[in-house]
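Heads up, the next two complexes both have chain A, just with different partners, chain B and then chain C.
Then we have the complex of A and B:
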């Protein structure tokens, strides 16, 4: 009897939970990406990419017959409303934990993304690690419907290409929702997001036929970064500016630089283990950007003698000068053209001397950075010259 | 009391219901009646005719006083093992043990002469605990041979054996072996106390003794090692454990047994430390896999999908598509069919074994997946679980794992990962509370005994293992013959 008195509550503990949060895999729709746009009525139009987990008939090797993902579109006054009403189209409830990509249309980005942020931060089902990307096409569903080769799931395709670009070229940087939120909340930093664009034939790119040919009708291309002021997008950087920005932000892992030789001709160097240090000097009103890196010569198309040690010094000087110019141009252009601090210089000033920063900010307001000078110091050493020494000529 | 031999013979005849198997041979020596009684199926008639009858014939021709006949027989009989018995109860005991009883008219004592027939199979290789390297002999059903196999390995006066017989009808001989000077006295006393408490109609196998002396009757995990290898027993005795040999059983019990003992095999002693360590790690992993895999799988795919990488989850989802059952039920079904298969495989005669494996592999695996009743991934989960429970030689341990696996699955089915953790906590508390004859079951991990950890998950070189475990012996240092 005594044992029963313990046993019954113990059983109830398990049995009366009602299997809270229980969901079989066959009841949920795995969401891989969400695209957000607005229509004329000011309602959100949400495109949801759901993994197609239907089992293929017959043996598993002939799995190319069925699409890898399905797109649902719905609209609503809020994002939650729009997402919930996908139930009208989809038999299963959306499962958002595995979402890896959020596509924001250019229109919304220009209007301001501040309203979007609350939903993703509040909802417990989201991981904050998905990437946020601006879609240059007016309708993000155009991008999301492309069936991409190699990586069947196009959200994963975009994520992977951003990751490998950040690793080997440095045009874009991996910006997760968490990063976005951080730079939005902080008044001294501004948002920068990578962008993508649909390249090719819109009509043909949707079908499975797109991957059945060696040259796909449509692909998704990674484009340079979109820059924001507060929560509004104000423009795109060029490819070179995008890279320069990453140098300043110390987000370059491995990249390449193509420079002109002293005589005519060009060469390309690979930049490795790049490290950038920012230093603020309040007295001289100067910010120093010091880039330190190693490089390997990858390609030479001009007549220089690499056996001569002076040549190496010359090449290093050319590379350094080129990079310094790149960075200086970017800073000048953005500060003049957009009046936005996408580099985090204000954050740097604040972190190095908070009190003096506050005084200066009060004094100059928005134009604080215009009163600063920027010094770019690049120190890149050439490490290897490759397998051959001279230019190949007849 | 035994003077009237006719009366005794009559009594035996009456009590055995005139059993034909008991042979009464009457002989008259110097006008004195002598009875030779033996139990035919248990005795060797060669021995009786060669040694007893011939000796008696020889004695008959000698000259001596009739009154000393009993002593003459006792001295002159050419049989080595002679026992004097003086009660009717003992006469019957020895008669049923295969001894030949000689009753002499007018004497208060009788003689019991060992004439047992060899009704035991020969020593064979062990069936259940095979090793690649190591001795290939195993215990048989004969008590004397079993004791011999151990004594052959341990040649010392300190190997003490306490005998007792248990069972009203079977009077089974039981020997408690220990090495004096190594074993802790209180352990021996504890074991003897438990054995003396046993009051039962009969003992058929050592398994019954095991059930009767185990204190942790509600525990699923075994607290006694059963083995059929004499080398395992000898090793255990040298460590300070106690072995119980039961007549008619090829399995010897070793007491006490902690969880770590079930991960050790005899080969561990022979192998290099580093290699043995690898095997042990594999075994511990197998133990964990066997317990947790189905539960964790069920918890992940029904509650905590966020913990699986996206690609893998998509893969799982595709495989689960079209399976109409909840994941728990699907898993339970597969475990059940595997258990049925395993049980049938154990019982079925070997000639129909191949039919069984075809049915098992094809119908339960391939066809069930194609029919959409189970998902392929569930087959993999159950298969890895099944093979992971097999590297243990102790059958009871495998069965205990089976129970806990289902309990873990229930936890997973009701509460997901939280449920798995809840059951894990219960499991660990339960294991910590277990004792084997006063020794904590999780020794040497909890409580931690640093010196014993040298031979637990890792195994140090044999040279470094010169200390006995403190919970087994007060005589910690393993003495060497060349010392002093």
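Then we have the complex of A and C:
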């Protein structure tokens, strides 16, 4: 028995060393982004952005010569096959836990992204918090090879741009893979994804010289949202529509609105602390979108007497009217032109009164929302008007 | 006082058994049965299962100085008593196999995909056997230590998950009335409440402060179910019903959202230790139960190793994959647990009749 007591801890010592199934840092390729497209044979073509972990410290002059990331391209009938066969040109196996961006080509988005989703959900190595973006360029590798000036990894550049935009402007919104999956699985919601586009010279953009000049030859630009019906992309919103969508979805944190003055000229207000509430009324068949926010006047290029308290009320009315129109136009255009519910109105109806929703859905089918009226109520109060109290005139 | 434990240790064992029996398999079954109202099933179970708790306390108070095998011998005589004891041991063996598969499969599927189930099973089995060789006092102390670690990790998990919680995901409230949540209570009852009957193996008088026993058990029951309720609410509130129903381990997936103070994130694997510890403890206690059923009085030295070896072989060989396991948990395991529970109903009735006869 004494022997057994010694033997068991001894056996455990060997089993608990952590040497089984280990992969050293020198054996893995840390993946920061994956771009997906299809070739003419219908096979997936994946472009994988891998961190260059070659020694970059020490001599500062030599460190600049080493590229910060490497792109590998491979293809396969399935995503798993395409990713695994990267091993043909990369000496290391991909490590996907730190992936921050998934770039889907416009072609695949139009064809349908349903088939892509299974792989990422099933694979345990992926965290589901990476962002998903549609690349407006035919080949997403064009976007992935641009060397960006402020971020060493262009995937991080795109992620940071989206996060900054979502925080300060509201044209895009942070859409993680999990959000995408949630929208796809839920039959009452439709997918909306941010998009990016390559701007500039494709050949020059991929070299390190791109970041050595004050005006880079190529950049990656954030573009308005791509909208889907089921799993197929059916179009892009405009910049204003994208922001309106984010107001409806209560995803605006901080934004700006540029409105026409009553006389002539324009002014810009910064919108802060925005909060949107959606309410469904089954009896009146009406959905109310109520936006409440505060605003700061940031720029005035017209004759407004800001010392007059009535003027503030007028400005508030202009801002509110402008936002209401923006939202109304978006709802009307999207429902008429695309016949897709990117707003989650059906989900709202279902969550408010599931049984009544089911009855109406059975009755009207796809045209359910056509039988509803939309009321937009904006209540934005002007809080401050900046350092100056009068307009600047001669 | 050697060989005795206190009520706190007993309570910790009970909480760990209630919670860990549910983890990994409970939410899958609950969501399947009750949809978005799954969390309500847990609340309903707290009320519905009170008679089961009372039965547990009733059986425990019968011959408080005896463990379950000896109680049964006293109640039914040596032959029938032994038969019922072995029958209970077989059930616990089957349930412990579920814990073992759940534990090894979780680790293999999430962390170590290239490691054989057997290797992971051996690590935990050796540890469980070793704890058993040291006796109940050691097992209960292990549970107490694990509970404190678990509670700290659990608190970190909850605070880190609050920002990702969306109340809207819990809507619509009672879409199809109370029927579905009510039906789903069956799963909470069979998965979490019934395993606590294995604690009957510890005689009431083995506790140094047995006067507080009933209160401790009741509180443990409430705390255990409350923790399950929090898990359900957080899982559904963060993932929503659609995502919660596609993942094998939604409880683990939500932990990937943990973010404390903006910098403490990617700690899901640390928090998952609560679950791994819990399952490990449940296996350890199941081995103690079975070995006590086989040898009720003597110290157990080699029996735990034999039991754990058989258990390991069974869990790895009999359950080929988690699809089979999920079907088994949803369709077969509840029936087995009801059969197991019906033994205790009969025991309860027998005790009642015997007490009545004695009084008359």
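One rule holds in what follows: the second predicted complex is superposed on the first by the 374 of 394 C-alpha atoms of A that agree within 3 Å, B and C clash if a C-alpha of one lies under 4 Å from a C-alpha of the other, contacts with A are read in each partner's own complex, and residues count from 1 in each chain.
As a working rule, a contact is a pair of C-beta atoms (placed from the backbone, for glycine too) under 8 Å apart; a residue touches a chain by one contact, two chains touch by 3 or more.
Since the structure is predicted, the reported quantities are computational estimates derived from the model, not experimental observations.
Trainee: Would you check which partner chain A:129 touches, where first means chain B only, second means chain C only, and both and neither mean what they say?
Mentor: Second partner only.
Trainee: Examine A:51 and indicate which partner it touches, taking first as chain B and second as chain C; both and neither are also allowed.
Mentor: first
Trainee: Taking the superposition as given, does A:25 touch the first partner, chain B, the second, chain C, both, or neither?
Mentor: first
Trainee: With the two complexes superposed on chain A, say which partner A:95 touches: chain B (first), chain C (second), both, or neither.
Mentor: The first partner, chain B, only.
Trainee: Of the partners chain B and chain C, which touch A:12 in the superposed model: first, second, both, neither?
Mentor: Second partner only.
Trainee: Output the chain A positions appearing in both contact lists, the one against chain B and the one against chain C.
Mentor: Residues 15, 21, 127 of chain A touch both chain B and chain C.
Trainee: Touching chain B in the complex: which residues of chain A?
Mentor: Of all residues in chain A, those touching chain B are 14-15, 17, 19, 21-26, 28, 30, 32, 51, 53-55, 95, 97-98, 100, 127, 156.
Trainee: For a test of understanding, state which residues of chain C touch chain A in their complex under the given definition.
Mentor: Touch residues, chain C against chain A: 109-110, 112-115, 119, 122-123, 126-127, 129-130, 133, 168, 171-172, 175, 239-240, 242-243, 246, 253, 256-257, 266, 301-302, 305.
Trainee: Which positions of chain B touch chain A when the two form their complex?
Mentor: 301-303, 305-306, 310, 313-314, 316-323, 326-327, 410-411, 413-416, 419
Trainee: Using the touch rule from the top, collect the residues of chain A that touch chain C in their complex.
Mentor: Interface residues on chain A, with respect to chain C: 1, 4-5, 8-9, 11-12, 15-16, 20-21, 121, 124, 127-129, 178, 181-182, 185-186, 350-355.
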